[in-house]
Amino acid sequence: MRILVANANTTEAITAACVASARRAAGPGTEIIGATPAFGPAVISTRAENAIAAHGLLETLAQHAGQVEAMVLAVSYDTALDAARQLMPCPVVGMTEAACLAACLLGGKFAVLTLGTNVGSYEELVAGYGLAGRCAAVEGLAMTPQQTLAEPEAAREKLLAAIEGLSRRADAVVLAGAALAGMDRDLQPRAKVPLLDGIACAVRLAEMLVALGLPKPSVGGYAAPSGRATQGLSPALQRLLIGN
Amino acid sequence: MRILVANANTTEAITAACVASARRAAGPGTEIIGATPAFGPAVISTRAENAIAAHGLLETLAQHAGQVEAMVLAVSYDTALDAARQLMPCPVVGMTEAACLAACLLGGKFAVLTLGTNVGSYEELVAGYGLAGRCAAVEGLAMTPQQTLAEPEAAREKLLAAIEGLSRRADAVVLAGAALAGMDRDLQPRAKVPLLDGIACAVRLAEMLVALGLPKPSVGGYAAPSGRATQGLSPALQRLLIGN
Amino acid sequence: MRILVANANTTEAITAACVASARRAAGPGTEIIGATPAFGPAVISTRAENAIAAHGLLETLAQHAGQVEAMVLAVSYDTALDAARQLMPCPVVGMTEAACLAACLLGGKFAVLTLGTNVGSYEELVAGYGLAGRCAAVEGLAMTPQQTLAEPEAAREKLLAAIEGLSRRADAVVLAGAALAGMDRDLQPRAKVPLLDGIACAVRLAEMLVALGLPKPSVGGYAAPSGRATQGLSPALQRLLIGN
Amino acid sequence: MRILVANANTTEAITAACVASARRAAGPGTEIIGATPAFGPAVISTRAENAIAAHGLLETLAQHAGQVEAMVLAVSYDTALDAARQLMPCPVVGMTEAACLAACLLGGKFAVLTLGTNVGSYEELVAGYGLAGRCAAVEGLAMTPQQTLAEPEAAREKLLAAIEGLSRRADAVVLAGAALAGMDRDLQPRAKVPLLDGIACAVRLAEMLVALGLPKPSVGGYAAPSGRATQGLSPALQRLLIGN
Amino acid sequence: MRILVANANTTEAITAACVASARRAAGPGTEIIGATPAFGPAVISTRAENAIAAHGLLETLAQHAGQVEAMVLAVSYDTALDAARQLMPCPVVGMTEAACLAACLLGGKFAVLTLGTNVGSYEELVAGYGLAGRCAAVEGLAMTPQQTLAEPEAAREKLLAAIEGLSRRADAVVLAGAALAGMDRDLQPRAKVPLLDGIACAVRLAEMLVALGLPKPSVGGYAAPSGRATQGLSPALQRLLIGN
Amino acid sequence: MRILVANANTTEAITAACVASARRAAGPGTEIIGATPAFGPAVISTRAENAIAAHGLLETLAQHAGQVEAMVLAVSYDTALDAARQLMPCPVVGMTEAACLAACLLGGKFAVLTLGTNVGSYEELVAGYGLAGRCAAVEGLAMTPQQTLAEPEAAREKLLAAIEGLSRRADAVVLAGAALAGMDRDLQPRAKVPLLDGIACAVRLAEMLVALGLPKPSVGGYAAPSGRATQGLSPALQRLLIGN
């Protein structure tokens, strides 16, 4: 099975890290293919960048439509997830969506831990999934991605302290944001609750959806568009909007 | 005061209609300027088109940043409203947001009436504004924009029947979607509850915000971005992401 | 356009301050008329006083019915707002309602800041407007109106510190309560988020509603009463309950 | 134990009917005292009347403060309940509140059945009690109180049909409104779910609160007011606002 | 009237304490009968024990079906309350349910205070009753039942400090858990808000339900089962599932 | 990997059908082991039976603790899921929980379709998972399991009509209840939205959780119990409550 792991920003290094993470998580027989948008924000950390990135991400996905069995959005804001799910002919899974749903299978409440102050966007994301009632807290550590790289020991201690605090209210913690990707392996041994990595969860859930072999809805807001006219979009994206 | 009325699709005729509507609604001394994106969907009626249109709309707004006192999004999905509000140096108002908030001032509950089956997107929009508790219903009439033009009499009767039904549950009805823009004037005399036109409400609310003269937040998720790197965006949009 | 600014308590000085504030906020061509109830609480700060004040306020509004184009309730509890909206032949806007709705146009979440411990009443007010999901916090500063007058410098610092704290969670702050009326002008330059004054917002929203020229609903819970019998009410109020 | 059964409108006949109903429901040793406001609406059926009635009702309650062990509000809108609870030195119970809480002890969901179109007010009442999640429906039968008296047989059949419909969604039905008071005895034998009469439930809950002997809170929004200045209120009401 | 007070764990001493508490609270003419399950957890303090205890509790209730007029569940998790309510031919009241509903009659918000860390289970219980909107907080004091017995003075001070803190947000405090049963009498004199004892509230509410004399629903999820086949259950429990 | 598929009722034929369904869904290398409780209801279709069944189910699971890598609850009420999740040393997945979470990955809203009138229990189940906001409807077809077997053609048509109706509001439909198990294969070709089978989803999600290799929480309400005393339980269940 081929799964596309699509970054939503233009930084190739982040794509590469996500692909590596996805390959570690994937089941036997799953091939992971990475993709990076040709234009848009270098890193998404604001509402404005997230909205702009949707276009580039959908262009990227459109290039691979029909060539993979599932797609994973390798961006912790799950950029344009509903649009991609409607437009693509295969299952599409967001990495934060995936981690939150997996966390629901482990206990009563989960928490989301990220870096920076964009807590509101994650709260809206979780609420948009209808999961606000399961989410004990979204915490944004006052630390930049650069700091986690420059002082990894100090960063690890701050993260563990935050996880310790969250574990008083939550039965699982979702690590959100590219800077924390893959850090679950380092942190888990010293955490009292399970830590969830979005890429790993998304790859496994994508495999599950492929295995279930369900059709797309042919009616409603997630049915594939057809006959839509556009201007200035790539042929691949335009083709998906025109439909069969 | 100059207010930009920005369409989110590439159909100039819709921009022109919205501009005309805005001019009728505007207070004395308000100048309305129209704008149409250079690329994207011709008409937005699916989740996929809405996500794609964000980029073109933000490019369009960026061209006018600093040259107007407020911006109105002339698209009933309020495309990329949070991103525009964060990014622009002036107030930005969505037309459906505006009509819903105005409706809150008129009674207890409002309803949203639109054409077509994309009811779910409007429900999510209203819920995203935190107004689900005020919204009695979103109803999508099984009628295309083409039909309203081809058989205006029949369309009017169907709309009035729907409004009659909604007025049993709602104290006001928001007319949503370009096809219904301006129809409030025709329908109001025979309706038992007030009918709200998004463009009119948005222009008046934009004027109010300009009059209040409030600053933008300088912290949090709606503070202007700064220092963001990008690739392949227009100089105008890039400049706003870099900030001063 | 004439707008009535109606106090709900019997303290003329508060009416005068609200009228002054309304005049500063009003657009050109708007005439502000003040009114004070003849009986009821001197200042409303409890649930009991708020319930009692409804009668006197509605009597006051009834005296002006038909002589103004809109009414603003100059009381931060928005006393008897739904009753006034049903009963009066013109738009009625509450000052806290107005500030909360205006705040919705500025970002994702707002907070309410007031003096004293009656936080619960404001929480219920906001929840009653269906806006609990947009309200990050209601904070009641442990300070009396008298203290703000006696030690204005200390009061200002305490308020700014509270606003600073709230701006970590909210994109705008509503200043609620007569004691804080007009203080937005003093505090705004040192605040990181926009501060909203209820009277200013209410006057501007009342102007908007007059400009939109919408009819009242003729059915449902906000349609004007008719044929209601009463005992011991003023002729003006009785007349509105009897209807035409 | 003496329990005041206080009407909120000025119609003595309704007071008498409620008192009779209360006496049937009361336990041995409970004395029921009726009271009728001296001014206000003759019958409350609109938001405006409900707001006006609060004053007269609180005046009435104030006359009896200290002379009864508990008070029951004999008005299905539970007019000014929070204010009365704060102000009076004894427990105060609303009749619809009481029926809804009793219904919670009988199954999962309850419904509210009333006459007329003022469904929205009851929905807001139930939501204000935080019980919206337990309430399957509020149904307003298109029938006036006069019709129930003029054609009792037809009225009974319409009510039973409505109850039959509601019992598909609800495990109990609250009969709300003076016109339905006491009708539970007639209707219950042919109903599939328990029918709740507000006066009966309120009297029994008032007895329970007296038996529990709990103090009033001395802090927060329900603590008795003190030192409040007023104008034009009765000495009895003024005294309660001044406190000891 | 006979009321069964049924413990859900196998510790006879807890049954005896609850029976004593129930007798103090009961009205004249009420006889309290205690019952203890024959198998199951000695003390319920985890989700697992609560689920296991349901069977033993329902066996115990079944032994008394038809011999009492009402049943009170003397377990603060209200174990299997919905099942008991469906199955038994008489009213069934849970002790925490009872205290929460009684608290709703005393003010706007209540809090729940218990020992230990199982705060989540109480939050879910309150939410399951649809009362999350009325509940300001569930607080679990870091103290074991053993500690409250070994150092009663220190325990009392810790409890009073917690109640003091909760009274800033809540108008009443429910004391939950066997270890706090009856402690309301000791603590109330020094508390600023009313303290609610579950057993006392449940007994009084059970008396109220008996006095109201309402039938069980004959349809829906709370109608008595009939014709259900089982294996390995006691004849008494089996008989209730088979029905008449 | 060994996965236990545990029935919660005592009917071996249902266990066998679920095991067969699980085997069809399982990935290569997964061994499915079936288990049936020794006592309890023959078929669970009421609240009372569901509560009673918890004990027998947990006894059954306890017999297999340590011998399988994951457990699936083959009962559409997800009986005692939270207790099992806390108690067992491996992941536990409920079949309706699994189908609902999988449905969240396919669109915006899902619906639940079942036989019979116990709609309320499923609504509470979905709400307990925090997923009420994603669930467009729970529909209970007026048809018994016996009727589906006796007249399969008629049953299929009724089911398809219900699915057609639900697809106007939902992007996916969960088939709930043993009688519908496996029917997704028959119905899917004529349905416009994907149909979800609980057993298939649960087995795949259990495989995912095993693959993720996450630890259990060691704190909070889902940490394994320890040191709990019991009476009359099997040695296996007792051992899990005592812990290591």
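Letters A, B, C, D, E and F mark the chains as written, and numbering starts fresh at 1 in each.
We adopt the following convention: a residue touches a chain if its C-beta (ideal position, glycine included) is under 8 Å from a C-beta of that chain, and two chains touch if they have at least 3 such contacts.
These numbers were taken from a predicted model, which means no experiment stands behind them.
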What chains touch chain B and also chain E?
A, C, D, F
Shared interface numbers for chain E and chain F above half of all numbers used, same, or below, different?
same
Between chain B and chain C, what is the gap in Å from one C-alpha centre to the other?
27
Rounded Å distance between chain A and chain E, as computed from the means of their C-alpha atoms:
44
In whole angstrom, how far does the Cα centroid of chain C sit from the Cα centroid of chain F?
52
Provide the list of chain B residues touching at least two other chains, using ranges where the numbers run on.
82, 108, 120, 124, 219-222
Could you list each pair of chains that touch one another?
A-B, A-C, A-E, A-F, B-C, B-D, B-F, C-D, C-E, D-E, D-F, E-F
Report the residues of chain A in contact with chain F in the complex, numbered from low to high.
25, 27, 82, 85, 91, 93, 97, 101-102, 104-108, 129-134, 167-168, 170-172, 188, 192-196, 200-201, 204-205, 207-209, 211-212, 214-222
What residues on chain D touch chain C, complex-wise?
10, 38-43, 45-52, 54-56, 58, 80, 82-84, 86-87, 117-118, 120-121, 124, 128, 219-222, 225, 228-233, 237, 240-241
Which residues, counting only chain F, touch chain B once they are in their complex?
108-109
Listed in rising order, the residues of chain E that touch chain A in the complex are 120, 124
